[in-house]
């Protein structure tokens, strides 16, 4: 893929938005501003979300996980209404009913962050099925974690997508842990791409901290799917810099490992590759802009009303 | 494996018992003697059951499917009490509560034929887990069909068995169809052994109509498991000669294909390999003996009482 | 007016909906060339092709999941789970996903999907192929649940289910497929959420649904010889429940028996009995009696199976007891 | 006598059972180094090692399936499903397999397994992490279901569950883990199947279980100021139900309110209300009132969540209504 300066800056900025949004979310969480206790941040994993979403077309769909702020923002979700959702407000994307774990915007083809690990994989396959049946050139990206891969439904989904040659791209974000379970105790082997062969689909393991590598892999898989070539599986190796959720000190991880992995920060990696594009002045300006976005988002969320009792009992059925 | 004449004859006879038992079951079914409408015969697939069970040790376990008469008899189940079970009698293995689909004998390490496709795979893994934890040299054989392979739980099970290096042998009887669904519409590829690589376990595709080939593959997998080498996956290619169940004319199958596949009868294949051992006199004598067994079994079943109301309401809890 | 078997009435509904709306499609195990385990979809493959009559791999969870995803982006899938027992493999997709998507995401998605399945006894199919699990679904906010007892209701309600923009669990009964009944020639749709008085009566109300309707009507007929006039109300829709109709009938007869094939403990009869007992306290002339299956897994032997589920004798005895009921002299205020 | 938190009482039970019986072991997601999502198993890994405190892959169906297989051949597993909502992924293994094995195979196998999980609201965990699904399990023959409300019951009943040779669904509550209560120093086991009167009263019986016990006791206390003496019965075991104790209390007070956090429609309260309404027809002075969650998926916002489930106001109003109830003049025989 050809990368001009503007494209590089956009990738950087999109990752920065996620990073700063989640840092801000944690701050607000500590201050008791969030309306739910459920909140999982993806700090350290931004390159996967941004790399993949950067090559999605407008009509494409995605499904996401409990750790879904990144996918949501990378796809173009509005940080204001997302913050409002986390604050449990009526102006939030789900009217305060979903919270962090269910952040969603149907208008941008986002079919939902999901609290059941693996639970959304079927939705992705179904969206791809209908895209194919209705002859729309839409591709569905299905993000899931290394934990999701060990759920039976992933295998049922990959098999169905394979037999029916559906336009879906499975993106396994292998951040090495499912809660406290390290990948080497979760599976009999290290590779993700190896699972693709069972389903006769292309599989590719990439460095998930390198946004350009992710982008390239996603581009190929998405265009293949769009062209009728069927599904693919991408294994993006990444790391969550923080605990599984608030209050998880990650005691099950080796501090040395954490240190080593945190050094592989996707923001720094991109900067080091494009020092001229991402010079100090540019990045500082990005920081300023992003900071303002977050302030706005929090202000919007704070100012928004919470749903009343009548709203809670509405829209149970369509 | 060294094969003496006696061993060959035993393999032949064990296959013949299954064949004649199931033919007899179908006859009795037609006459309305069976107590349930559920009945699936494995005619044509006898070599898989016999080949595998011939190399199991006394302490080993197996789990079986809705098409389980073969596994049951090959493992040494009593045809009398099996027939009584099919007739719904109190002397049946399950007191008439299970019928064909749940034929089981705990005493021979048979952990149950199961009506849920894939439903027993977890049981196999659990039995292997406890064997390992309690340091008994028992191996568990898990029979399942090509349909079972596309159930999520197979993948969860294979993964767990792999991570924990459990003594379990997964035997996929690929008879090319799951009810009416041909394997090429069920999965994206033809091989079974290919699935093993996802779970970093040995995989082997064998001709399931050749009892000796099955036996050899099973022997290696079982001994490997017994020695602490963990699980394996065997894909045994076979064919069900008849419909899925009573009243299925198999219209979805090509008659040419059926003809071709029926010619690959495991009984005939073994005879053609060992014409001296399995000469006409010997096979005729086997027929006579097996016929008598079946007559006895039916007589026993017919003479047995059916459970009364009080029995139905007993043993709900242990 | 023509006679249809239950299975043919269902097929007619599928056929008409697929003709009328290109977004409607069928997916499930053996729904194509095989025509469905109980022959409901016979011929539809030939009519509509593999694209719209999709044989799926044997994987219940993804059948529901894929139907759900398709529904969220514009399709109107009618997915089939061969036996309701196998819905146990897809409960996450049904309950945590399909039922919650509309509400949980603040109304952003509609989920116009139908999950056809069949349940019940009558074939000696054993503990894993004979359950009646409607009360699981009734307990789940966001679902609708339908259980038709006649060909006419099967036809009219399946069409309504396909028109509905919510996930509908459509519970057929394996013992009803061959049953015949009249269905109008003109296409029609029946409203979801309306019970129907299938037999008028004055003395006692039997509330039931699905295959037990036949038993209720049979026993009601026999009871006339004892001078008992029984009203039989068929729920048809199990969620939402039509309490207005139930209450009206119960208010009239003042005696109620609730009958179903599902296990009595925690069955739908409990919900109905509890609600009517509360609403009609002081009005009822006798306690409401529930009849359902015993608390036992279903045995495969057809004869044994019969001992576990309600039969004419038990229903008759219950009605007689309710009719005979004499209030005890209360020993308090 | 010492004070234990609910989670610590559970851990004590696990610890004592594992010390006493080598066949007892724990398996589930994050039960090892993490100590369980709600810290119940903290420290057990260090004490008993990886072999007996097994972190499983993230695969609920095989967690239950493997526990079942182990139980069938001699193990006594205590498997954990992190949230009851995720049991939806394992319903086949729980219902079609574990619950049926003993009966369906004619008594050839025993299934001594415990499935620990937790349910309920209180953390704003949203629609997929807050459900109360006990009525699904109560409806299934072959299972036992326990839902302790206090540290003492949690301890004594978990030990009983581990001793039992049948599959036991052990439902903890996420809102109770930090709650403290007295537990005897001497080891003991509580019998499965016995409800307990947690507060004596004369005028009205509040039947409840799990976290709602706290609400019931609190409201009962407040009601004394209005001169209402409320008896509070804690079910503790949900299957089998201890109708003897319930009936005795209801016979005395002649007024009953059933309270739970699960959705009211099709909830366990329906079973209890239906059964007691029948048994005590003519004895009750007022209709039995059920209080449960509204028929709505649970919203993530903690404030909105509270609107969906029962609270002190609703319970108080229900008790008051039951106390105030005046029979209508009946307009018939």
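When the chains are written out, they are named A, B, C and D in that same order, and each has its own residue count from 1.
Convention: a residue touches a chain if its C-beta (ideal position, glycine included) is under 8 Å from a C-beta of that chain, and two chains touch if they have at least 3 such contacts.
It should be emphasised that the depicted structure is a prediction, and the values quoted were computed from it without experimental measurement.
Chemist: Name, by label, each chain that touches both members of the pair subunit B and subunit D.
Modeler: Touching subunit B as well as subunit D, we find A, C.
Chemist: Looking at CA centres, what chain is most distant from subunit C?
Modeler: Centroid comparison gives A as the farthest chain from subunit C.
Chemist: I'd like the Å distance between the centres of subunit B and subunit C, where a centre is the mean of that chain's Cα atoms.
Modeler: 36
Chemist: Nearest whole angstrom, what separates the Cα centre of subunit C from the Cα centre of subunit D?
Modeler: 29
Chemist: What whole-number Å value describes the gap between the mean CA coordinates of subunit A and subunit C?
Modeler: 41
Chemist: Hey, what residues on subunit D touch two or more of the other chains?
Modeler: Each of 57, 59, 61-62, 85-86, 89, 92, 96, 103-104, 126-128, 141-142, 294-297 in subunit D touches at least two other chains.
Chemist: Give me the residues of subunit B that touch two or more other chains.
Modeler: 94, 96-98, 102, 114-116, 119, 150-153, 156, 159, 163, 185-187, 316
Chemist: Indicate which of the five shapes (line, ring, star, complete, other) describes how the chains touch one another.
Modeler: Graph shape, chains as nodes and touching pairs as edges: complete.
Chemist: Would you mind writing out the residues of subunit B in touch with subunit A in their complex?
Modeler: Against subunit A, the touching part of subunit B is residues 150-156, 159, 162-163, 185-189, 194-195, 197-201.
Chemist: Using the touch definition from the top, list the residues of subunit D that touch subunit B in their complex.
Modeler: Interface residues on subunit D, with respect to subunit B: 23, 25, 51-52, 54, 56-57, 59, 61-62, 64-75, 77, 92-93, 96-97, 101-112, 141-142, 144, 165-166.
Chemist: Touching residues of subunit C toward subunit D in the complex: what are they?
Modeler: Touch list, subunit C to subunit D: 85-86, 88-89, 91-92, 94-96, 99-100, 103-104, 126-128, 133, 135-136, 138-142, 239, 241, 254, 262-263, 265-275, 277-279, 281-290, 294-297, 325, 327-328, 330, 332-333.
Chemist: Would you pull the subunit D residues touching subunit A in the complex into a rising list?
Modeler: Contact set of subunit D toward subunit A: 29-30, 32-34, 37, 55, 57-62, 85-86, 89, 123-129, 294-297, 299-304, 307-308.
Chemist: Touching subunit C in the complex: which residues of subunit A?
Modeler: Checking each residue of subunit A against subunit C gives 61, 63, 92-98, 102, 104-106, 111-112, 114-116, 119-131, 133-134, 140, 152-153, 156-157, 159-160, 163-164, 315-318.
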